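Take this structure, written in C-alpha cells, and hold onto it; I'll ask about it next.
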Amino acid sequence: MTDDAESRHDRGRRTLSRIHDRVGESVVAQLSDIAPDFARHLVEFPFGDVYSRPGLDLRSRQIATIAALVTLGHAERELKWHIRGGLNVGLSRDEIVEVITQMAIYAGFPAAVNALLVAKETFDEIAAAAEEESRQQDA
Amino acid sequence: MTDDAESRHDRGRRTLSRIHDRVGESVVAQLSDIAPDFARHLVEFPFGDVYSRPGLDLRSRQIATIAALVTLGHAERELKWHIRGGLNVGLSRDEIVEVITQMAIYAGFPAAVNALLVAKETFDEIAAAAEEESRQQDA
Amino acid sequence: MTDDAESRHDRGRRTLSRIHDRVGESVVAQLSDIAPDFARHLVEFPFGDVYSRPGLDLRSRQIATIAALVTLGHAERELKWHIRGGLNVGLSRDEIVEVITQMAIYAGFPAAVNALLVAKETFDEIAAAAEEESRQQDA
Amino acid sequence: MTDDAESRHDRGRRTLSRIHDRVGESVVAQLSDIAPDFARHLVEFPFGDVYSRPGLDLRSRQIATIAALVTLGHAERELKWHIRGGLNVGLSRDEIVEVITQMAIYAGFPAAVNALLVAKETFDEIAAAAEEESRQQDA
Amino acid sequence: MTDDAESRHDRGRRTLSRIHDRVGESVVAQLSDIAPDFARHLVEFPFGDVYSRPGLDLRSRQIATIAALVTLGHAERELKWHIRGGLNVGLSRDEIVEVITQMAIYAGFPAAVNALLVAKETFDEIAAAAEEESRQQDA
Amino acid sequence: MTDDAESRHDRGRRTLSRIHDRVGESVVAQLSDIAPDFARHLVEFPFGDVYSRPGLDLRSRQIATIAALVTLGHAERELKWHIRGGLNVGLSRDEIVEVITQMAIYAGFPAAVNALLVAKETFDEIAAAAEEESRQQDA
C-alpha cells in the first residue's frame, strides 16, 4: 500500500471517528469478521472520499444522511448510528426531529413515524448511558 | 373558512413562493385542474405546516429534501423543482452537487448519476433563461 | 397443454380483457415478441390466478392495484393501464383521484403528484378519443 | 386556535378513533412525547383532511392503505394497525388476505409473504385478546 | 386438478426442495395456515414456472435473487432463506459475500451492511447446527 | 497522485471499458462536466474496487447487477448500459430475459415488464447499429 492509499484510509478512519465515535469502530470490526474488504471500502469510500470533502460542513452532511435513511425506510440500524452522529457534529435533538418530521412529505408518514420511534429510543439510550456514567462517577 | 385556516393557507403560499417562486404556483395550478383539494393540501401541509416551522432554516430544509428526492429515485420532476428551490434559499451549485454525490452512499450510484444529470439540466436551463433575459434587455 | 392449463390461460385472457380491454392484449403482444413465456405468465398468474378469484370484487381489486402502483413510484406506464382498468370496472374519476390523494400519506407527496399528472393525462386521452370517435360518427 | 382548526383536529380524532379505536390514541400518545407537532399533524392531515373526505368509503380506503403498506415493505408496524383498522370498518379476514395476495403481483412475493405473516400475527392477537376477555367475563 | 396442473405443482415442489431443502416446506406450511391459495401460488409460479425453466442454471438464479433481496432492503427473512439456498446449489460463502458487497453500488451501503450481518448470522447458524449434529453422532 | 491511487483509477478504467466499452467512457465524460470528483469516484469505487475483484466472474457480476437494477425500478438508463455490459461479458439475450423474468417474483410484474421493454429497445438498437455498420462496409 502506498502513502496515498494509506492516507485515504487514515482520512476515512479520522472522519468516521469524528462523526460516529466508538460506534463506528465497532461496526467496522463486526463487518471485518465476515467481509474484511467491504469493511475497508466502507471506511475509504463513504468516509475517506465523501464525508472528508471540504465542500459541505458535517452538520449539513448529517442532515442529508438522516433524510436519506428515513426515506430508505429499511435502514433503522444505520439511522440510529447517524442520529448519534448528527448529535456528535452539532445538530440538536429538535433539529433532528424537524428533519424527520419533514420526511413525512417525501417518504410518507409510516417512514416518519418509524424514524421518530428510532430517535426516541436513541435519545433514551443516550440519557440512560449518561445517567449510568454519572452514577459511577458519584460512587 | 375561518381566519386560522386562511392564515395556514396564506402561510403555505408565502413559503411556497419563497422557496419555489413562480414554479410553485404553476404546479399548484396544474394540480388544481384535476384535484383541487389535493392542491390545497399541498400548499397547507408541506408548506403551511412543515416548511414554515421555525426549528430549521430553509437552507437546511432544502438539503434534507434534495437528499430525500435523490433517494426516492422516481421523483425527477420534484428534484428539479427543489434544486431550483435550493438555489433560491441560498445553496450553491457546488453544495447541491455535494449532497447528490453523498447520496451515492445511501441510495446507490444509479440514483446519484440520474440526479446529477437532472442537476446539469436544471443548471443549463437557468443559464439559458438568464442569457435570454439579458439578450432581451440589450435589445 | 392439458385442459386445465388451457382454462387457466383462458380465464386469464377473459379477466385481462374484462379489466384492460384492448390495451391488455396490446401489452401482451408487445411482450410476446421479446419474452413469450413471460407474456404467458403475465396472463396466467396475475389475471388467471389472482384477479379471477371470487373473494374480492374487481372494483376493490383496482383500488388496491392503483394504490400499489402509486406507491411503487416507478410504474407510470402500468398506472395508466390500471386507471383505465379502474374506470372499466366501475370506479369513477373522482374515486381514482381520492385513492391517489390518500397515497400522499403513505408514499409521499411526489409520488401522489406524479400519479395525479398521469391520471390527468389518461383522462385527457380518453376524452380526446371519445371526441374523435363522435366526430367520425357525425361525418 | 380558531374553531375551524379545532374542528379539523376534532374531525381527525373522530376518524382516527373510528378506524383505529384505542390503538390510534396510543400511537399519538407515544409520538406526542418526542414530537408533539408531528403527532398533531398526523391527526390533522391523514385523518382530519384525507380519511374524513366523503368521496370514498372507509372500507375502500383501508383496502388502498393495506395495499400501500404491503408495497412499502418497511411498514410492518403500520400494516398491523391498518389490518385491525380494516376489520374495524368492515373488511373480512379473507378480504384482507386477498388484498395481500394480490400485492405479490406488484410488490413481489417477499413483501406479500411478510405481510401475510403480519396478518397471521394480528389475527392471532385478536383471537387471544377475545379469549382472554371471555375468560374474565366467565370468572 | 388435471395432470398438467399437478405436474406444475410437483415441479414446483421439486425445485423448491432442491433449492431450499426443509426450509421451503416449513415456509409453505406456515403460509398454508392463513392463505392456502397463496401458498399454492408460491410453489407453482416462482418455483414451478420460473426457477424450473432450463434457460439459466440454479447457481446464476440464486445470484440474481440474492442481489434482488439485498436491493429490496425489507426482505431479510427471505434473504436468509436464499443465502442458504445459494449454498445448497453451489455458491460459496465468499461468492455470496461478493454479491452482497457489489450491491453497495446499486442499493447503497446500508442495504449491503444489513445483508452482510444477515449472512454472518446465517453462516453462524449453519455452523452451530453442524456442530450440534456432529456432537450427537459422537454421543 | 501516487502510483497506487493511479493504478486504482487505471484498474477502474480498464474494467469499465471491459464491461461497458465506449458507453462507459461517454457516461464518465458527461458526469465529469458537472461533478468531476463524482466521475472519478464512479471509476474508482464500483469499477476499480468492486468489479475488478477476483472472487466472482464478470458474467455472474452482470447477472447480479441486472437483477439489482430491475429491482430498483427507477434506473432504466443504467439498466440499458448493463444489459449491453452483460452481452459484452458473455451473457446471451435469452439469459438476460431469464434474469428479468425471474425478477417478477421479487420486484413485481411492473418492474419486470418495464425492464423487458428496455431490453427490447436495447437489442433493437444493437441490431440497428450492426446493420448500419454492415451497410457502410458494403458501400
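Letters A, B, C, D, E and F mark the chains in the order given here, with residues in each chain numbered from 1 onward.
We adopt the following convention: a residue touches a chain if its C-beta (ideal position, glycine included) is under 8 Å from a C-beta of that chain, and two chains touch if they have at least 3 such contacts.
A quick note: this is a predicted structure, and the numbers were derived from the prediction, not measured.
The chains in contact with subunit D as well as with subunit E are A, B, C, F.
The interface formed by D-E recurs in B-F: of the pairs listed in A-C, B-F or A-B, only this one shares over half of its residue-numbered contact pairs with it. More contacting C-beta pairs link the chains of C-D than the other of the two pairs D-F and C-D. Distance between Cα centroids is largest for the pairing of subunit A with C.
Remark: subunit E and subunit F have CA centroids separated by 26 Å (rounded to whole angstrom). Centre to centre, using the average C-alpha position, subunit A and subunit F are separated by 31 Å. Centre-to-centre, using mean CA coordinates, subunit B is 42 Å away from subunit E. Shared interface positions of subunit F, i.e. residues touching 2 or more other chains, are given as 37, 41, 45-46, 50, 53, 69, 72-75, 97, 101, 104-110. If touching chains are joined by edges, the resulting network of the protein chains shown connects every chain directly with every other. By the touch rule above, subunit C contacts subunit D in their complex via residues 45-46, 50-51, 53, 55-56, 60-61, 63-72, 75, 94-95, 97-99, 101-107. Taken in their complex, subunit D has these residues touching subunit F: 105-110. On the side of subunit A, the complex with subunit F involves touching residues 1-5, 8, 37, 41, 45, 49-50, 53. By the touch criterion stated above, subunit C contacts subunit F in their complex at residues 27, 30-31, 33-35, 37-38, 41-42, 46, 69, 72-75, 77-78. Residue ranges on subunit D touching subunit E, taken from their complex, read 72-74, 97, 100-101, 104, 108-114, 116-117, 119-120, 123.
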